[in-house]
Amino acid sequence: MASLVSSQAVALHNSRDSCWIIVHNKVYDVTQFLDEHPGGSKIILKYAGGDATEAYEPIHPPDAITTNLPVEKHIGAIDPNTIVKAIKKVTEADKRRQALLDSRPPIDEILNLHDFEAVAKTILPDKAWAYYSSASDDEITLRENRAAFQRVWFRPRVLRDVTTVDWSTTILGQKSSLPVYISATALGKLGHPDGEINLTRAAAKHGVIQMIPTLASCSFDEIVDAAQPGQPLFVQLYVNRDREITRKYVQHAEKRGVKGLFITVDAPQLGRREKDMRMKFVDDSGTAKVQEGQQDVKKDQGVARAISSFIDPSLSWKDIPWFRSITSMPIILKGIATPEDAILAYEAGVQGIVLSNHGGRQLDTARSGLENLVEIVAALKQRGPWPNPKFSIFIDGGVRRASDVLKALALGASAVGVGRGFLYAFCSYGQEGVERAIQILRDEFEMNMRLLGARNLNEIEPNMVDASALHSHVGNTPADNLYNSIYQPLRLAELKSKL
Amino acid sequence: MASLVSSQAVALHNSRDSCWIIVHNKVYDVTQFLDEHPGGSKIILKYAGGDATEAYEPIHPPDAITTNLPVEKHIGAIDPNTIVKAIKKVTEADKRRQALLDSRPPIDEILNLHDFEAVAKTILPDKAWAYYSSASDDEITLRENRAAFQRVWFRPRVLRDVTTVDWSTTILGQKSSLPVYISATALGKLGHPDGEINLTRAAAKHGVIQMIPTLASCSFDEIVDAAQPGQPLFVQLYVNRDREITRKYVQHAEKRGVKGLFITVDAPQLGRREKDMRMKFVDDSGTAKVQEGQQDVKKDQGVARAISSFIDPSLSWKDIPWFRSITSMPIILKGIATPEDAILAYEAGVQGIVLSNHGGRQLDTARSGLENLVEIVAALKQRGPWPNPKFSIFIDGGVRRASDVLKALALGASAVGVGRGFLYAFCSYGQEGVERAIQILRDEFEMNMRLLGARNLNEIEPNMVDASALHSHVGNTPADNLYNSIYQPLRLAELKSKL
Amino acid sequence: MASLVSSQAVALHNSRDSCWIIVHNKVYDVTQFLDEHPGGSKIILKYAGGDATEAYEPIHPPDAITTNLPVEKHIGAIDPNTIVKAIKKVTEADKRRQALLDSRPPIDEILNLHDFEAVAKTILPDKAWAYYSSASDDEITLRENRAAFQRVWFRPRVLRDVTTVDWSTTILGQKSSLPVYISATALGKLGHPDGEINLTRAAAKHGVIQMIPTLASCSFDEIVDAAQPGQPLFVQLYVNRDREITRKYVQHAEKRGVKGLFITVDAPQLGRREKDMRMKFVDDSGTAKVQEGQQDVKKDQGVARAISSFIDPSLSWKDIPWFRSITSMPIILKGIATPEDAILAYEAGVQGIVLSNHGGRQLDTARSGLENLVEIVAALKQRGPWPNPKFSIFIDGGVRRASDVLKALALGASAVGVGRGFLYAFCSYGQEGVERAIQILRDEFEMNMRLLGARNLNEIEPNMVDASALHSHVGNTPADNLYNSIYQPLRLAELKSKL
Amino acid sequence: MASLVSSQAVALHNSRDSCWIIVHNKVYDVTQFLDEHPGGSKIILKYAGGDATEAYEPIHPPDAITTNLPVEKHIGAIDPNTIVKAIKKVTEADKRRQALLDSRPPIDEILNLHDFEAVAKTILPDKAWAYYSSASDDEITLRENRAAFQRVWFRPRVLRDVTTVDWSTTILGQKSSLPVYISATALGKLGHPDGEINLTRAAAKHGVIQMIPTLASCSFDEIVDAAQPGQPLFVQLYVNRDREITRKYVQHAEKRGVKGLFITVDAPQLGRREKDMRMKFVDDSGTAKVQEGQQDVKKDQGVARAISSFIDPSLSWKDIPWFRSITSMPIILKGIATPEDAILAYEAGVQGIVLSNHGGRQLDTARSGLENLVEIVAALKQRGPWPNPKFSIFIDGGVRRASDVLKALALGASAVGVGRGFLYAFCSYGQEGVERAIQILRDEFEMNMRLLGARNLNEIEPNMVDASALHSHVGNTPADNLYNSIYQPLRLAELKSKL
């Protein structure tokens, strides 16, 4: 792919019959690929014969096109002399976006992690907000993740000297200034031009560990390159149908110094996220027809399913030894939900599990990680030594406060993953947002540990929480909004004429 | 009834003293029948001496009039030469109706079964919506049917090879592409001109089994005629006070190849459905008087009770052997609610039961089928072999998602009936709506089974659900809307003048 | 008091120093009584020297003035020749009232007991609505009375021949067409000019038993006179500090044929009903001063406390033998709330108890009669024979549906009292309203008993209900409205300027 | 500091380089102190070279400046001849404030303690309302304090002679006309110019005991001076890092006759109260910058944390003997939340504990005092004699009704503290408001005790309440408002165009 191609030459291939596009100044022939594109052919054809970089970038890792397109379709580099720099016009949308950015509250008015979400909801493009915030089906698990924390109550101890309190810990042998790690979330550039790098830089500055997502907008190497020397990083893994790709990815990560491999096991298929799916129709509503005979199946699947077709649904316990054979990084299974599977993981010799329901984005009405934690810790205690330094339990989902984290630790977790919390922080204020989020958590840890009477994380004990209501799904159960929004309440007899 | 009658001759019989009407081009003398008409005489008299077909059709099976009227009152066929074709004027109502139809979202924007209900609620005539959506008394059981599913939580298993998943099954020995059958709902033409035939055709195309309702708008034979050769059908039965009519109906159904007889046992009298009853007054409000001394009892009973006067309240366990004697179809008792009655059914030698509360339309504050399922399965396990291939348990009521169905299967059901879900689908988009509904369920089964870690329905196991909150009626209990809408909350002391 | 007094002579006594008023054409000197009047002196002085009948009538029994005023203050009868008949002007208020009456829905649109309440709320004067609808403190018990019924669920039986169903019963040996009696409520004329007589006449017509209230607007004898020969009546008793008055009242009742004496035991003092109390200020708001040094204690007590000062707070178990000695009517203690007191009542030899919290008008956050029923029946079963024909248990409070009544019967009640339900019926439509209410209950009894599979009240059995959630006060607990209406929810960080 | 300084001389020191201010006619050089001021330097600089008294007064005890500033910085007294009396202009804000005061309802329309809060919310300056009403984090504990009372239900006894009822008691050996004491709340002058003195005077008049707060706006001596001879007072103590200051304070209090020392043990650091913190930004919003690099940490801490920096986080059980050594007042530990700590307190030989969560202002999702009471009474019963006249248990938090108090007494409390209830009373109506509050409680005690069947507080027994739902945190759990206000409910498919 050393040859130079003029932009005029590219422009000739602007149809379904012959479709070339430019991405990052490289020219690709995607004619054959049009029907395989998980996002549908229409979006590609929009850029046929032209530069697709701006649309491509936020929702693909940089190497997606080179990975998926046979090398013979890589036509060459664009001849820089032939590029006509379009003068970027300031559109109404741009102005509105800028006005939204200008309207953000000063960052020191952000007092808690909810605030970032409120800002992000306002300033994000609808599609990005839909992709990030959506969860599967009725989003009951999404909300239950949050509600579960509020069913655990504190039993604080008093009159202990809490002049100095320390909430630092180690996670999989790595130092962390917080009992919290940054969990993987996909497609960071949808929300901020620097994408996941925002997290990397803030994590470096404050001694926090970031987990790199497989579906990052930034490439794996971009993220690692942005890290400081010695900065610990974890990596999240969606296992590819082509295990060779996975092997290379894992071994590359280890070579680059990554300290933990989090294999996602709760996503043989990505969930139906209806907010995300509805967003498709907002874009295309002009073209859809009522009762059309033939449905375009791909059209209604949303961003999430479009980008995930490579994930292997055949992944099973039989694959674990293979992972053991290709890496010496600690292996953590992310997405365990039952004591049965926790025991299997323990017996498979991995180094830990994440009790996660994928932020409510997979099986709806699955229980929260926090609730599963109690059952799983009880089962593991019966099975072997406890606590077990060789087998860590993490949870994620719904965390917004340091108090949430402390509840999880009291119930047996080693550390807690926060995904959307940090994502919304950088969507709102970039790297500085993430730093502010860390600072808020730090303030909250200090206050909560003092008020709990715990000077360090070892002093966070089971009897500091009352979790007796955690398994009660009757009261704080999230509402069934779709059903409720249709149900028409009974009315009383009406007056003949209103006075 | 071979003679021809002129429309002018019919027109002479336009009073209470002599009342003829035309239905489907046949002339009937209904003078004697006026006071027996369950819907009251007024509605008939409106068409005295003229053609009543349009009003008759949606709320009567085609043979209702011939069945109820002695043969000597069948005057003859209308002379086609005498019919003055009324030029159908496009009314304001017609225009509004068309505008509503045009406003429907494109069908591929329908993402779940709730969406059909939202469309139906918008486009249906008020009376049809009231009839379909209403339930008895405070509609607490109606909503509890839905709420109960949300009190059961999943315990998903991971790392199982779920490349292929299969949710097909057999129901009463018949193949079904889904563990779901189309349950009987009445008066389909109120919502769509093709009525129940929409279901028959979609069922044929997708391998789903339809249960034909006794109170269908289409006649039994019309529906069976619309089926494909070999397409399995069930039939629902309201038992007539005149057992001979029932015998003929059942034996006719068997002769036509129906594969299962579902006898409704929870409706010795139809429930008071106040939304439906209030609709009467909207029609007639001009004529009603405050404090009139004599009340017209028939006036306030709504569609439901008007069409059901033939149902026999004396039906009892003693009748079961007789049913056994007149048919060799499998017999299923629809409407069982207690272990006591489930055991009686089992001992009576029928082939199964439906745990149903009639979609909340009968006894209000009766419990949901899902809750009863747990108690009844426990009782049957104590009573005999379990699972028992000769005795099936079905449930219906409140189902909107494949996940609901899987919860019921995990708790011991063989298959699940969906009534309103499919009804609203054809009200909204006809046959194509039903097909879309089936496709949505299929997508949901695929996703949910993969995420549960079950490759086929046999792998749906009791420990995949946490039903510990199912019997808790305290939190998610549906609201008492009538009471709440009257109750006037306490107020605080008020300012003398608002600023 | 035989002398005639001219209205001109009365008119001279129009001040605090000498205050005469005319009531029902009799002249009274109330000068000494002004400061003792439970409703305050101001309201009397408004009519000083004139006719107070219209204001007096709805909130006093006819004999209140003769009972409370020493005989020497009964000046005489008004000389009819001196009365200047005021021409009653039709005021704006009258017109508005008439417009409200005209706007009532036709009575056959009333489908349930809630509907009467909705009509009454609209057409009643504010003061009457406040008096009738109010309850004590936060009105939590008021609403709990209703909510408790919704925590009991039905377990209906099927396939029983329910062609004929019978819901008649006997109450304290008297035939009743319903397992429901009309419970006592005070001051009926506030809501309808015929007051409690509306109930008497409807009860006669439909075979229902009325309990006459001590604080009726109609006199005891007016009510008994309105009854049909042989019509059974009960009487409710507030015990007077002056036992002689009580003795006469009881013995008079027995002489007039009353069949049961219901002694109110839960009202040594009437509750603080803040809706009623606030109504005072609406009337007088012009005159009240902020931070006035001296408070008029009587002013803020509302109608309820104004009319009840005669009630004896010393009433105790020691008084029961005395009641036994003065009457042979069955004695029922109304207002029992604990097994402890139920056993004491049983041992005191009375004929029954009413599990009541006075319609939520006395001790707030007291439990519902329905909940207490379960505990009390269990205690009585341990204590003696059960069911015991010599000791009846009734409940009241929150009943709106026949299904509520059937739940209470299943749990052990003999019959159920309905107060506000019938009260609002006659406020809305007079006697005909009460008849309509009875008819609705009859329809509901027929339907519910058929659907429950019970042919008569003996077939209503404990296992027809699931009361396992009845004692759970966590979910359906009525809201704390005052607190909630003040609490200001947290807000998120705000945009600098809304776009 | 005897010298006189002219106001012209002061005016020269109007910058960060040299900053003098006048407070209560004394001149202070605060140049060195600017950066140490817990409220930040900006607010002081606003008054540099001028009189800061009006801003200083409501949020500092009178002696704060003399205590914190070295004596050499006390420049002298202002020369009265040089003061230019500013003519106080009536501003728009003043007019609005006066209009609000004028709009208050007449005090006899105040029927319950909620009413005071409604008035206070309306008339208080935003900053004062934020400071008083705020609680920590999501304010869940704040609301749980109230909700917990509504989960306890009464079991009233009847037919006891309740002609006279008596709710007086003794608290730590002091007579009290109510089983209620006035609990300490800070900064009373924010809400009323007379501050805490309002409470002192009303307490004197009605025989109620006031607890003097460490952070009162009035000085300790001002309050004690306002008391009547022999009027019992308690004092609340925040322990200072400098124990000598604490020793002097405690011994001074004892010398002035204070009868009980309540040491706050749940506040090693004050909670993050976000309503209070947000209020900062409302003031300064013009000056804050988005994404400013350097954050002013002090800026976002609100009033609460600004005034509390002296509190010692090292306070521990080891300090208790020292307190025993410096005073013979009864010592009560305020803020105990677990049986473990209650036993430690008992063993430490103090005279009692207050089960408190600081009005929800410290650790959020800590349980209510009422719930802890049940667990702690059970533990103490096992540990020693019970009831124990030498060891009292008090609770506070969420009390609004006498019925709340009676529930706490039934469960084992000796008396109950009311803080905000009385605070809002004097904010609304000064001393008279407090008197009205006491009168309301008295009315409620009379009614509730009569209706409970208790003639004095000894007759308030455990079986008069049903607390079985108290530990159920599932139903009445306060809502998670921040989360809920962001969560965007799912929507249904939308019509193409609304009709």
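Letters A, B, C and D mark the chains in the order given here, with residues in each chain numbered from 1 onward.
Methods note: contacts are C-beta pairs under 8 Å (C-beta built on N, C-alpha and C of every residue); 3 or more make two chains touch, one makes a residue touch a chain.
Note that the structure is predicted; figures quoted are calculated from it, not measured.
Asker: Same residues or different residues: which describes how subunit B and subunit C meet, taking over half shared numbers as same?
Answerer: Shared-number fraction below one half, so different.
Asker: Among all chains, whose Cα centre is located farthest from the one for subunit C?
Answerer: Of all the other chains, the one whose centre lies farthest from subunit C is A.
Asker: Taking only the C-alpha atoms, how many degrees of rotation bring subunit A onto subunit B, rounded to the nearest 5?
Answerer: The best-fit rotation has an angle of 90 degrees.
Asker: Provide the C-alpha centroid distance between subunit C and subunit D, rounded to the nearest whole angstrom.
Answerer: 43
Asker: Measure off the straight-line distance from the CA centroid of subunit A to the CA centroid of subunit C, and report it in whole Å.
Answerer: About 61 Å separates the centre of subunit A from that of subunit C.
Asker: Quick check: what residues of subunit A touch more than one other chain, meaning two or more?
Answerer: Within subunit A, residues 102, 104-106, 109, 111, 114, 118, 138, 274, 278, 285, 472, 474-476, 482, 485-486, 492-493, 496 contact more than one other chain.
Asker: Which residues, counting only subunit B, touch subunit C once they are in their complex?
Answerer: Against subunit C, the touching part of subunit B is residues 136-138, 140, 265-266, 268-269, 271-272, 274, 277-278, 281, 285, 288-292, 295-296, 299-300, 313-317, 319-320, 333, 335-338, 340-341, 344, 362-367, 471-477, 480, 482-483, 485-493, 496.
Asker: Can you name the residues of subunit C that touch subunit B in the complex?
Answerer: Residue positions touching the partner: 104-109, 111-112, 114, 117-118, 121, 133, 138-139, 143, 146-147, 150-163, 274-275, 278, 285, 400-401, 403, 429-430, 432, 439, 443-444, 446-448, 450-452, 463, 466, 468-469, 472, 474-476, 479, 481-482, 485-486.
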